[in-house]
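Accompanying notes for the structure given below.
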Amino acid sequence: MATVRLVTDDEACDEVRAVFADIRATRGTDFINNFWRALAVDPKRLKSTWEEVKDVMVAPGELDPLTRELIYIAVSVANSCSYCVHSHTASARAKGMTEGQYGELLGIVGLAAKTNHIVTALQVPVDPEFDLARG
Amino acid sequence: MATVRLVTDDEACDEVRAVFADIRATRGTDFINNFWRALAVDPKRLKSTWEEVKDVMVAPGELDPLTRELIYIAVSVANSCSYCVHSHTASARAKGMTEGQYGELLGIVGLAAKTNHIVTALQVPVDPEFDLARG
Amino acid sequence: MATVRLVTDDEACDEVRAVFADIRATRGTDFINNFWRALAVDPKRLKSTWEEVKDVMVAPGELDPLTRELIYIAVSVANSCSYCVHSHTASARAKGMTEGQYGELLGIVGLAAKTNHIVTALQVPVDPEFDLARG
Amino acid sequence: MATVRLVTDDEACDEVRAVFADIRATRGTDFINNFWRALAVDPKRLKSTWEEVKDVMVAPGELDPLTRELIYIAVSVANSCSYCVHSHTASARAKGMTEGQYGELLGIVGLAAKTNHIVTALQVPVDPEFDLARG
Amino acid sequence: MATVRLVTDDEACDEVRAVFADIRATRGTDFINNFWRALAVDPKRLKSTWEEVKDVMVAPGELDPLTRELIYIAVSVANSCSYCVHSHTASARAKGMTEGQYGELLGIVGLAAKTNHIVTALQVPVDPEFDLARG
Amino acid sequence: MATVRLVTDDEACDEVRAVFADIRATRGTDFINNFWRALAVDPKRLKSTWEEVKDVMVAPGELDPLTRELIYIAVSVANSCSYCVHSHTASARAKGMTEGQYGELLGIVGLAAKTNHIVTALQVPVDPEFDLARG
């Protein structure tokens, strides 16, 4: 149960329709997932968020699309966003993530969380060797 | 200032010395960063943690070493571990991360955090399409 | 499914009954939401928590009741508390939150999360200009 | 110590100069805080982030500028972003936050964090009364 | 709905079967909870994680088994892991946690979260008296 | 650098003086750590927070004082509160925490964080066996 109504295609205003159309064209599928239907209650934010997703996750760049999804999953796990974990794990699989890669992702996320917590417990001081200005 | 003493090479017991030697051999550098010197107050945990780091971050696998570091940074940022952000950003640079890749990482981490929070605010229900069992 | 039984009106001991009565009187409704029914397994903590909620969220102050709810939602989102997001979004609506205000709240929470993460990734040093002692 | 160089005015390229000029004009001060100088290593992200800040925090809307800062502080606290807490507390003071309002903010943030954690510990089920669809 | 299939006893490969058998023997129950059935998609990680759980939570040590569970619950609450809260609250009860102890745990977790957030809001500087080196 | 002035003994108003005196008497030391000096800018909140600390951390109960500190540290680590980690690690040592116990605490906190993240990544469904109502 969401805190807002999910906007169906029939209820969508012109601005929302245009974004939904662009999502469909960009992804090559008719499926619009619930995040966009919820965000559609605020058409301006829907549009700016989708533009940012296209820019960060879809546009050509130095990181390949699957690597971007793995990073997205990692942040979503650490922020405990259940929906985001589901949607980006599905995206990663659609982009070719193998079970081996997924297992390694789990290993890294788990290890990072463990050492993050141990470092914070120990309050380890930053080594001066990490200072860029020394390079 | 740490919550424990940092163990110097001179103070290290045999078990710690052996781990420090393996870190140096594995990384091809004499530098032992403060995380290991702090963890060395508990030699058994030092050893098991280093073994896990070697297994997850160093051993051959399907994800390349730089991608692993990017995922590690992402988790460390979301868990707000200052030391870990410094040490793994330095590692990523040592493994060839370009400024362009770093900029894209910032973009993905920032966008993921933003949508994680908006999704949690909206309490978006998980789409049944994400269910593996439907595949 | 909770980790404790939810206490019904019939099961409530005298101390719990008194708190439930005060919640109803203060809010002008017969409805007692599940948080209080769960907390009622520990009557002393139920009472002290309700007193704190009355003091912080209900008593007259310099921040108006709706602003207080918006801040509460923001913290609850960042702490990923699904129940709290639902209950305080409902409270904010009951206190007059408009859809426009809600959209702006989403925008601020999303932007703050994004910049929080980017700042942590960049480890930006605090400007001396922010020091109160300079004022 | 940041993970990137902070860009000085002299080092700024044209794109960065234009953003810095707009920050100065918008805020009516010559001061550019370190966040923007760090982000300036990625001029495109600097520009898009500043545009989002202007849109969300500066443009006219239904929430007044001080309320927006209080919400920003709340999220930054919960995400444990030290720099962001400093910069937005300074902004809130510059926008007229009184000590009384600040004390109330602390009270709400502290209470929300406390109840967020207790609710998560108790795994309280969401009341059907919070469902919008019942309204 | 999980992001992976849960492995049943019938589907388990030999490596998974061996871990399941050890879980059953160690705990003295036939019940294998879903965490292990999900992790079983990656037999090597299943094994190493179970070994770590046995080492940290089961092996003799200076902290008694119930205290270990209370600490585990506290971390799981702060990291907002719903499943972990359920499973470790059940474990703590199985190890004899009384309702009085549980109430005190809620009180500590709630108070710690509240002061954590207030301290972060106030950016309180660490007292030199906390420095071990002064001792 | 704090976001507020730290209140010295000389600057303290009567209400603050009374709380400081009670902290000193309760703890049997003249030392007042910075958290209380920062919170003293809001005397009412200082008093109520100290009362809660006394009630939760000092008053007789079923959990011994050291166990309470270990739980407090665990939450503070997961919430990434550097000051709180320092102050409560010092408190735990003052209450007799051994290096062996501290090492076990690190092990539990690290393991919990790791499994919390892996469980969230896998979105493991809660076992019906954990339901109290089945008991």
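Things to note:
As written, the chain order gives the labels A, B, C, D, E and F, with residue 1 at the start of each chain.
Keep in mind that, in the parts below, contacts are C-beta pairs under 8 Å (C-beta built on N, C-alpha and C of every residue); 3 or more make two chains touch, one makes a residue touch a chain.
All figures in this text were calculated on a predicted structure; none of them were measured in a lab.
With contact taken as defined at the outset, subunit A and subunit E are each touched by B, C, D, F.
The fewest steps needed to get from subunit B to subunit F, moving only between touching chains, is 1.
Judged by shared residue numbers over all numbers used at their interface, subunit C and subunit E contact each other through mostly different positions, with under half in common.
The best fit of Cα atoms from subunit A onto subunit C calls for a rotation angle of 120°, in steps of 5. Centre-to-centre, using mean CA coordinates, subunit B is 21 Å away from subunit E.
Subunit A and subunit F have centres, each the mean of its CA atoms, that are 34 Å apart.
Averaged C-alpha coordinates give centres for subunit B and subunit D that are 27 Å from one another.
In subunit B, the residues that reach two or more other chains under the touch definition are 1-4, 49, 52, 55, 75, 77-82, 85-86, 89, 105-107, 109-118, 120-123, 126, 130.
If you sketch which chains touch which, every chain touches every other chain without exception. Within the complex formed with subunit D, the subunit E residues making contact are 73, 77-78, 80, 82, 85-86, 89, 105-106, 109-118, 120-123. Subunit C contributes residues 80, 85-86, 89, 99, 102-103, 106-107, 110, 113, 117 to its touches with subunit A in the complex.
Residue ranges of subunit B in contact with subunit A, taken from their complex: 1-4, 6, 31, 33-35, 38-39, 49, 52-53, 55-57, 61-63, 67-68, 70-72, 74-79, 81-84, 86-87, 89-90, 98, 100-101, 104-105, 107-109, 111-127, 129-130.
Only residues 1-5, 48, 52, 55, 126, 130-133 of subunit E touch subunit B when the two sit together in their complex. Across the complex, subunit E is touched by residues 1, 3-4, 41-42, 44-45, 49, 75, 79-81 of subunit C.
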